[in-house]
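Working notes, structure below.
Letters A, B and C mark the chains in the order given here, with residues in each chain numbered from 1 onward.
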Amino acid sequence: MLLGKEIRKTVLSLTFVAFIIALLVMTISQDVLNFSDEVIVFPKQGADYGIQQKEVPELIMPAAFSSLCEEFAANEYIAYPIGFYKSVKLNDTDREKMADIISTLSGAEQEDGSIIIGKDDEVSETKGDIEVTLSDDISYEEFRACMKQADDLIGGGSNYSENNLLNYSYVAVTYEEAIENYNLIASKDKFTGAYARLFCDFVGIILSIFPVFIAVTVCLKDRRAKMNELIYARKTSSFKLILTRYFSVIIAAMLPTIILAYISNISVWGQYSGMSLDYLAPLKYTIGWLMPSVMISAAIGMFFTELTGTPIAIAIQGLWWFIDINVGVSKLRGVHTLFELAPRHNALRNTQTFLDEFNTLAANRLIIVGAALLLVIATVIIYEQKRRGELSGYETIKTHIAGLANRKSKSAA
Amino acid sequence: MENCIEIKELNKFYGKKKQALSNVNLTIEQGMFGLLGRNGAGKTTLMKTLATLLKKQSGSISICGIPIENAKEIRKIVGYLPQDFSMYPTMTIIEAMDYLGILSGIGTKERKERIDLLLKKVNLTEHKNKKVKALSGGMKRRLGIAQALLNDPKVLIVDEPTAGLDPEERIRFRNLLCDVSEERIVILSTHIVGDIEATCENLAILNEGSILYCGTVSDLLDTANGKVFSKTVDKRDLPKLKKEYNIIGMHSQGNKTYIRFLAELPYPDAESCEPNIEDAYMLYLWNSGTAPILSGGEE
Amino acid sequence: MKQSKHTLQVWQIAKVNLRHNFLPLLLLSVIIMMLTPALFGITHLDSKATAVPLEMFLSIIGIILLVPIFQPEHDDEIKDIIASKYIDSTYIHLIRVVYSVVGIIVLVLIFSLFMLLCGCEITMALICGTIADAMFLGSMGLLALAITGNLPVSFMVSLLYYVINIAMKSKLGNFNLFAMMDGNYKPNSYLFVASIIFITISVSVKRGFAKK
């Protein structure tokens, strides 16, 4: 059977061995193969239950406003648009807009980008010299809207983005909340789900990049062995061939992942004897959470390799991966976006956040799978064109570019 | 410095079990020397060993008096055209020649002169700005021979140079080799008997790493005298005859078939034929006990 | 006379390799370099903040420029032709190593100058550290290529080490690629020396395989 042969080819390659090594190194170094030291126990009265981010307007509003005024005075805003520190200075127009926002929030007047306190006083330009206070008439919704405007002016990723506003509001977890969290884990996650989720958080970092190498190797193998024409001339359709190869990459990447997910999860089963556990949790999470990342990584690998005949897919996927893992640093508690590559949830608990974000996560995973399948279909089309001699990868692209350049110069002449 | 290659008791293994060359003894003088053998006989291994690309396990090789261990000096006087030859695909012919000339240690002025001369010799001058990946098989081979001659070598080693070439290209190539074989040792390794027939005075037959024959072409033909026969037979009798005779050639003529076969003793009602090199080569293989299955199976 | 002939030879070999084998890689590295300000803020950063884009992103050019050094002769058809010539293949590899390292140094210097002009705190230690990071990452992949002859695997080796550094950081001690972000410059010399060792072993392994 073709699938069996393709899987065999994929699995018996040095690239696959390197992938397995990478997977093992990651899981062992991050201690996700054995969670037996991290048992979730029923909260005891009077213990320290840790702290949590909680949307408490009374805490957020004054702290965030104060920070905004400080940064406004210095005209220097800290932002982390892709997880890395960026210092933003606003131009005069944007500075006036920011002054408008502060004016709205404080009730103080603004003029030419400066906040006026009283009749003739002006805000000093040096840091810390602010005497503006938040107006009592501002509702939390209005406040959030103003903060969003401020964040947009800064370019995103600032302390005033929806996500980062919660950083101003950490509160201690109460006994009742701790019990609620525990009950959620017991009823919704059935304990094993929480561990499976944490496993996926770490392993997703590897699985969103390394499958691209397997896919590139699979696609370049024919070319290297000078077998292209031999295969082109065969009866098997491009659709069957590409899809079979694609699935061979997915299966090759997912099988060891599922095995490791179970090894990881089984390490805690014994700690919850007598409790209701979801024994399929590792399977559900690896397929639902990790497989879409593998799919898009492999699809990008196949598409760009067939298109160009070069391993440039590694650089393309590498760039997306790099940006994604760094953006992910600000979403470790389990917040998701529609186009993320490797969803994060770097906490054993936080089940409520997972439930709250589930729809976004599900939409994201479906979008990623959809994009992957579209790329695979595009790969089939490209492969078929090459088979008919109508496309020869990179050469055709170069010829097209040269052709466009010629047309342009002719029309200019 | 004597202009010959001396190979004594040469042995070469791949790993521990596979012996590629077994006690090879050869003396190759100036002129065209053919190395004939089937695929897997060890021809490429021997060629690569002479070109210093493979290390021998035992024995001695000296090329024009220089021991093979002195690879740097050997490479100065050897030109090599491998069986599968290519260059960086983005290079043009002239760029490829220039780069290989640099790697041959040739100075700029001399290099330019030699390249112009060699491209003219192999008829590639008008294609000199063509990229290597755009060359046809024949043009690539001609480029191959041109680069092998860059350093004006005393020894030219060509491994299966005509495989895959059309008849016209093949003849052109053979003539080119004959041209360059004056004042030079040219070792031509091939499994195409026609190449040897057309160009070589001396040859060796290599089989499973051992030398079966070494000598002149005419002596080889002498050994096959009186051992090659032909007969016209009924097509219906072919299956039986295939078991009986060592058939080395056949072609149909209506419902009769003309067969050419080897035999130690004369056959009644079979005509004795003038042997060619292919006949003699097959006879040697047959006598060595490694006769291939020539008859093509049951019909 | 012999010296100048030798220098000319080196330059001629370098020129051909730069044009046919190095240019696409250099282009990709330049793209990486130009992407860096788009992804990171590079204005008015202190030394620790300056180290972030240098260590985490710019050092990747080491992988691009160093790992594929043996790749042009990956094809047996080309390898035999080059290996049969008077000039040793090792010589060619060393020339490639030199211009690749020079390429890393030049790109890091250009970018550092740019950061300096943007008001960042750039020091020689930061520049040397970035070069060491890049060389270490690249030399790991180069060694993998020398041993395995497999380019994707070689990239994976370098990338895996990069990922391990993201995950484990200071646990890697004197081989932490991102130490300068924490103000620690001690690993720089270890990384540099290790990269030289890896490069030396790679070229030797390649030479050993060629002489089988």
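Here, a residue touches a chain if its C-beta (ideal position, glycine included) is under 8 Å from a C-beta of that chain, and two chains touch if they have at least 3 such contacts.
Predicted model only: the values in this text are computed from it and were never measured.
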State the smallest step count from subunit A to subunit B, taking one step as a move to a touching chain.
2
Report the chain whose CA-based centre is farthest from the CA-based centre of subunit A.
B
Based on Cα centres, what is the most central chain?
C
Give, as an integer number of Å, the spacing between the C-alpha centres of subunit B and subunit A.
61
Determine the centre-to-centre distance between subunit B and subunit C, using the mean Cα coordinates as centres, and give it in whole Å.
44
Between subunit A and subunit C, what is the separation of their C-alpha centroids in Å?
29
Which stretch or stretches of subunit C touch subunit A in the complex?
28, 35, 39-41, 43-45, 49, 52-53, 56-57, 148, 150-153, 155-157, 159-160, 163-164, 166-168
Considering the complex alone, what residue numbers of subunit C touch subunit B?
5, 8-9, 12-13, 16, 20-21, 72, 75-78, 80-88, 92, 211-212
Can you check the complex and tell me which residues of subunit A touch subunit C?
14-15, 17-19, 21-22, 25-26, 29-30, 76, 79, 82, 84-89, 202, 205-206, 209-210, 213, 216-217, 311, 314-315, 318-319, 322-323, 325-326
Could you please specify the touching residues of subunit B with respect to subunit C in the complex?
48, 51-55, 72, 75-76, 78, 80, 82, 84-88, 90-91, 95, 98-100, 102-105, 107-108, 147, 151
